[in-house]
Amino acid sequence: MNTGLAALGALLIGASGLVAACAGNAAPALADRVGAGVLGAGAALAALAALLALAGGSDTLAGGVLALDALSAVFLLPVAVLGAACACYSLAYFPAAAHPREAPRLRAAFGVATAGLIVVLLARHSFVFLAAWEVMAIGGFFAVTAEERQREVREAGFLYLVSTRASALCLLALFALLFAATGGPALSPLAPGRVSPALQSAAFALALVGFGLKAGLMPLHVWLPPAHAAAPTHVSALLSGVLIKSGIYGIVRVVSLLPDAPAWWGESLLVLGVISAILGVALALAQHDLKRLLAYHSIENIGIIALGLGLALLARDAGRLDVALLALGGALLHVVNHALFKGLLFLGAGAVIQQTGTRALDALGGVAKRMPATALCFAVGAVAIVGLPPLNGFVSEWLIYSGLLRTIAAGGGAVWVLAALAAPGLALTGGLALACFAKVVGVVFLGEAREPAAQATREAPAAMLGPMCALALACAAIGLGAFALGAPLGAAAQIALGAPGARPDAPFAALSLLALALVVLAGALGLALRWRLRRSPRPSGPTWDCGYAAPSARMQYSASSFAATLVRAFAFALLPRARPPQLAAVFPAASSFHSHVPDAVLDGLVLPASQRLADLLGRLRVLQRGSVHAYLLYVWIALVALLAVSGASR
Amino acid sequence: MNAADVLLALLAPLLFPPLLLGAITRTKARIAGRRGPPLLQPYFDLARLLRKGVVRSRTTTWVFLAGPVVALASAWLAAFMIPLGARGALIGFPGDLIAFAYLLALGRFFTIAAALDTGSAFEGMGAAREAAFSCLAEPAALFALLVLVKLSGSTSLGSMLGPELPQLWAVGAPSLGLAAVSLFVVLLAENSRIPFDDPTTHLELTMVHEVMVLDHSGPPLALILYGAAVKLFAYGLLLVRLATPFDVGGTALGAAIALVELLGLAVLIGVVESVMARLQLVRIPSLLVGAGLLSAFGVMLLAG
Amino acid sequence: MAAWLVIVPLGFAALAFATRSERVRPWLLPVAGVVQLGLVGLELAGFDAGLGRPWLGLDPIGRLISAYLAVLFFLCSVYAPAYLAQRAERPNRVFCAVMLVFFAMMNLIAGVQHLGLLWVAVEATTLASGPLLYFNRNPRSIEATWKYLLIGSVGIALALLGTFFVAYAALAGGSSTSLLLPDMVATARQLSLPWLHSGFVLALVGYGTKMGLAPMHTWKPDAYGEAPGLVGALLAGGLTSCAFTAILRFFQICAAAGEAPFARSLLLFLGLASMVVAGAFMVRQGDYKRMLAYSSVEHMGILALGVAIGGAAVFGALLHLLNNGFSKGVLFLSAGNIHRAFGSKRTGDVSGAARLLPASGALFLAGFFAITGTPPFGTFVSEFTILTAMLQAGRYWIAGAFLSLLLLVFVGMGSTVLAVVQGDPPERAQATPYRDRWLSVAPIAALLALVLALGLWIPAPVSELLRAAAASLEPGR
Amino acid sequence: MGELLDLVLVGVLLLNFALLGTSRLSAAIKFAGIQGVLLGVALFVSHEQPGFRLILLAVASAALKGGVIPAILLRAMRNVSIRREIEPFVGFTTSLLLGALATGLSLVFARSLPLMAQHAGVLTVPASLATVLTGFLVLTTRRKAITQVVGYLVLENGIFVFGLTLVEAIPFLVEIGVLLDLFVAVFVMGIIMDHIHREFSSLSTEHLTSLRE
């Protein structure tokens, strides 16, 4: 019944674009509303199903081809929430009236991709899974390339398409392997010892690459930043918020199918996670483009999630079920949280971009004064993503941390060393994320606009503010309502770990109380200050600039300069490129400073390598020069060669 | 712990911190051969500031005021997590050391935001430095705490620093020693003391923390100074408890001893500030990384 | 029944040749298509006039191929009038008549049971398709036709020698031979192996030339590049499949003689070679019709690979034959429309097809996704089946190569296709007369629907046909 | 009869060399024609008591290969009034050497295959293979389109020679079909050559290299 609900929801969401089209492109506004409405209805159904499933009502549909259990539900819930939020947001952000040609296609692609994602979460049959996966990927492709008039968008789209196909081929191999091993397409847990360990490891490796490509684990992340930068912002929100999580879901699901996991699975996940987390956030810190910055933060958060997953696997092998539950619970909760606050951040960024017309951090500034509500929502998202109390990010990171700490406290073995390195790594990640988002909030929303053109004009419309506020409230709710999380997280984690009845033993109530205390204390202090300052004059006079006569907005600390120290500290990994100003004469001419941090993997490895390969293959073209004599010669060479082979085989 | 202890644990973080600032200033003055301001001068300053009016820049928003408030609130909560003496942490639960670190991080986040809110190049500079240095300080602190976690097998500050701390010293003295040293370095860095930052300098270009609050005045500035003191108190309490692990039984007595030790720490800081020069900014990261490696080494000693 | 499947189109060919009106003539093609569909329906229903036995007759493979050909030809023939109306400047009498002869000969290949006659039929298709290729009557098409005829004929000649060798193998083996497939299969055990091996190699190279397996594929890009999209669809969908059938005939004999492993090793080699060559030449391919030709080479490679792996892969290969044919139909016909509208087949001059020709552009893109094995299209199912069989057979390296080549092909093809479909159309294109019409798009959509249907659900009779045909290629099972 | 057949086949082999050696286009065409006629004779002499259908087939093939097709080619040659020389990629001596090599190889290859008793002593199989290879040589080393047709013709002749070994096996209809196909092929090629000449005013295949990567 729940599964049916979810499937119905998926159906509605997938059809939303079509329905809207039927509503008619003659009345674009109407079509927008109808599309969003249908999608919203489907999302509501899906969300309801997810909640029911989390409450313990897992069931199957169509003879087990589709099924909805707590594990799927944890991933399904944010899909529904964020999907609806983005659909509503698009009413004002990407209306058909403004984009008569693109909007209907985008609407359809958006719905199809979301529906495909939902079916991926429900599928228990390899063909259905792969089909839904590909539908999701292709729908995502069309959503990303909605504005394919721009060359940059086309290139990003192609990169996305190629990497998604690479991942799909890995999954094809993976499921073919399972099919060959089990003799059936059903995705049901293997009996221990049924399949050889080597084969299981091969399957896991394929899953790691295939799903890792989709999730954006370093170094498989190359497609992610360009695609997020190119896509319309609400699509970026969906991509980064939930779509890439399908990769995480896949890894968890596959691991839950394979009974006996050797240690290296968990170790590789943990190490990849730490690398992704640290390098992801370091690269984010170095970005000049608001959306690329957020995209790199997705890589960081995926890394944190992978870290939790790996720890959970290792702990399960070591028989520390409590640690495994903490780590996996944290990872799963972080999946939900990241969907909420990253969605929120992208939507906020979209509002800013729409108002100011630029994504360049070094042009922005002072947005908060014209868009206070947007600024508040974005700030909430920032605090949440940095993992600070009292918001949701803190809870999930806390769970993963305490998993690590318990491992360390227990001591012994390779796990201990990894954990002892991962915990400070996570701390470093947290510090860098703090620096990065302090920078974003400060540079975009506070101070003054650095370019006059980038001056925000007015607050975002209600259709965009509404979803942002909803997401911000959700972040706060999870942060304050942590006490309610134990049961659902346990329900989901025990499926992945195959440990029925277990639930993470964490002082969720204490976390709630702490958050509450913080809110109350800060609130009280704030009110007291308000009261004290009630009679003090309105803001007056310029900022004290230490005696400098004519301060201008251009003199503010820019995003790049804010990050400079840390970027230099991580130069060994980021390989920044800077063009310093040339001061030649006594009275030097006007000069400029330019800095840029390339993506080491994409610009340093993937693109050159593919160029090289293409050139190499190009060499073969001399074989096809148009001479019919040569062609006939090939025929004879083939003949003689095959005859020789067959003669030799005798 | 009984009502009196609770009251003590509640009041100490509220009332005691400014005294530390006073002690430090006094020590430095004495070493410099001056008499220096009275020990209670910080309290007077706070009272004066609270009575003053406020001048705010046109550039600023609500964030400008939120900064001091959140910083102080989070610093208080953090301070409540450290036991006064062997026992008697007001807040304590498994894994609270993470909460401790993240509360202080929250304060930092808002302080930085408030600084950037003014749109001043200098405050931006300070904010950038604050962010960068704390990034490096945090892993160092965590490594130091990991030593305690490994030895005590617990993840709650209250029990890690609790009565059985002496036994831990008996087991892992070298590691704990290294941890204590690196914690001291972190303390100096996080509370912007020499050699990392000179609270009394007048050259904005070299400031870290002070330059971030240039535009604050009146009550908000008071909150900032007070919050900084509370933060120093929290770190100091953690450090003295780690460094002097003995347990005298009774909560109140233990608390009293701890506070005295804190004053001692303040004097020590004063001495350090008087005998050392401020580091070049570019050299600071390496010092923090060094501290981190120190405590990491401490952890590695416990491997296996 | 096989005889009628050949005679009826020939009759229509004569009719088309006799018809005077240029505008009426093209409509004979769909009529013939419908009639053929009816005949095939009767045949599948079990009705059989035993004319032409024992030389003609439909075994499972023949039944499958003739049914497939009827469907493919019908949809192409529905497209034909719209196309020929576009090309009113050209007389289409020869075109229509020869196309029907060509179709008849393909049916003969499907229905023939005699190896000698099989050869005659294949050579006849070569000769009949010559005028079709030459429809455009420009230097480039002359060159393409010349190369096609010469290479094709030489290849076919080798196939004839191969046929003779196999016949001699029977004599040398001490048994008489009639070159009738059933007898050959029945007496295969007595065949003299050296002659059989050499004969199979010759037939493989000969018919492989026709099928377009690398390295005998060289005529393909030229021919497919210059032929009208309609002809391209019939060549890439129909003729290659017929050549594959011819190879399957010889494979049947080899398998019956217990020499399947030998034949498989050769097929495996040629299959991988074809995929490699196709992938290499598709990268940075600036001409989207030549790109389709290389894609055809690739999929011929996949067919060979499927038979080479054996087991479930044979089923997969036969299914892939249908999927590939229909997808190729989609691609060639929509590419033809795009070519008409933009007046060029260089990606440099063509962009924004989705804007200028919403339907054809979308179908071209969809065809790309279909041919690259994207679920839920049928190609995915067939490729999945082949891959699974590879893994079950423990041929992991081959599976790895297979997948990486699929990726390479996807990259190469994708960049070209997207360059054609995305972006803004150039100004010149606005001037050209062609825009999407109902008749020039609906057949393509129908073909696409077929591929999709094969992916979602294979009807019982079809899967029965496939299974029977696969079984006849797997004597062991 | 074996000796007689061998005699004919030796003639066929000699004609191969003549073909490779000659520099005159018309000569090459005529040699191919004569070879065709010899094949008819060979078919006739390869059996003790040739039946009616054998005779018919012999006559038909002799007529086609020795009469019709050379006529077509010569006419085409005259129409396009091309230069009468064969323009080879490799010189005539080299071609001859290659031809000799090919003949030798085919002898070896034929020996490696288990021949039936009645063919063991006879030249049939080697001659056929040698002729096939000669046809291949002409196809790949001669520049003019028309010479390539000649090469194709020789190739077919070689296969036909092999056909001598299994006249019983191959039905009459198929033989006729083969001949018909050959005829149509040459006919169509003739038409195409005509067009080639009209477009490029030359039959050299060098103009036919515009389709390339």
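Chains: A, B, C and D, in written order; residue numbering restarts at 1 for each.
Just so it is clear, a contact is a pair of C-beta atoms (placed from the backbone, for glycine too) under 8 Å apart; a residue touches a chain by one contact, two chains touch by 3 or more.
This structure is a prediction, so every number in the text was calculated from the model and none was measured.
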Shortest walk length in steps over touching chains, subunit A through to subunit D: 1
Per Cα centroids, the chain farthest from subunit B: D
Most centrally placed chain - per-chain CA mean versus overall CA mean: A
Best-connected chain pair, where connection means C-beta pairs in contact: A-B
Distance from subunit C to subunit B - Cα centre to Cα centre, in angstrom: 78
Between subunit B and subunit D, centroid-to-centroid distance (C-alpha), Å: 100
Where subunit C and subunit D are represented by their mean Cα positions, the distance between them in whole Å: 31
Gap in Å, rounded to a whole number, between the CA centres of subunit B and subunit A: 35
Residues of subunit A whose C-beta touches two or more other chains: 621, 624, 626, 628, 632, 647
Subunit D: positions in contact with at least two other chains: 112, 139, 148, 205, 208-211, 213
Residue numbers of subunit C (touch at least two other chains): 146-147, 150, 154, 194, 198, 221-222, 281
Chain-to-chain touches, reported pairwise for every pair that qualifies: A-B, A-C, A-D, C-D
Interface residues, subunit C side, partner subunit A - complex: 146-147, 150-151, 154-155, 158, 193-194, 197-198, 200-202, 204-205, 208-209, 215-216, 218-219, 221-222, 262, 265-266, 269-270, 277, 279-281, 283-284, 369, 372, 374-376, 380-381, 383-384, 387-388, 390-392, 399, 403, 406-407, 410-411, 414-415, 418, 422-424
Subunit D to subunit C touching residues, read off their complex: 112-116, 132, 139, 145, 148, 152, 155-156, 158-159, 162-163, 165-166, 168-171, 173-174, 177-178, 180-181, 184-185, 188-189, 192, 195-196, 199-200, 205, 207-211, 213
Touching residues (chain side subunit A, partner subunit B) in the complex: 365-366, 368-369, 372, 375, 379, 383, 386-389, 394, 397-398, 401-402, 405-406, 408-412, 416-417, 420, 423-425, 427-428, 430-432, 434-435, 437-439, 441-443, 445-448, 506-507, 510-511, 514, 517-518, 521-522, 525-526, 529, 532-533, 536-546, 551, 553, 555-557, 561-566, 569
Residue numbers on subunit A that touch subunit D, as the complex places them: 621, 624-629, 632-633, 636, 647
Residue ranges of subunit C in contact with subunit D within the complex: 114, 116-117, 119-120, 123-124, 126-127, 130-131, 134, 137, 139-140, 142-147, 149-150, 153-154, 157, 160-161, 164-165, 167-168, 170-172, 176-179, 192, 194-195, 198, 221-222, 225-226, 281
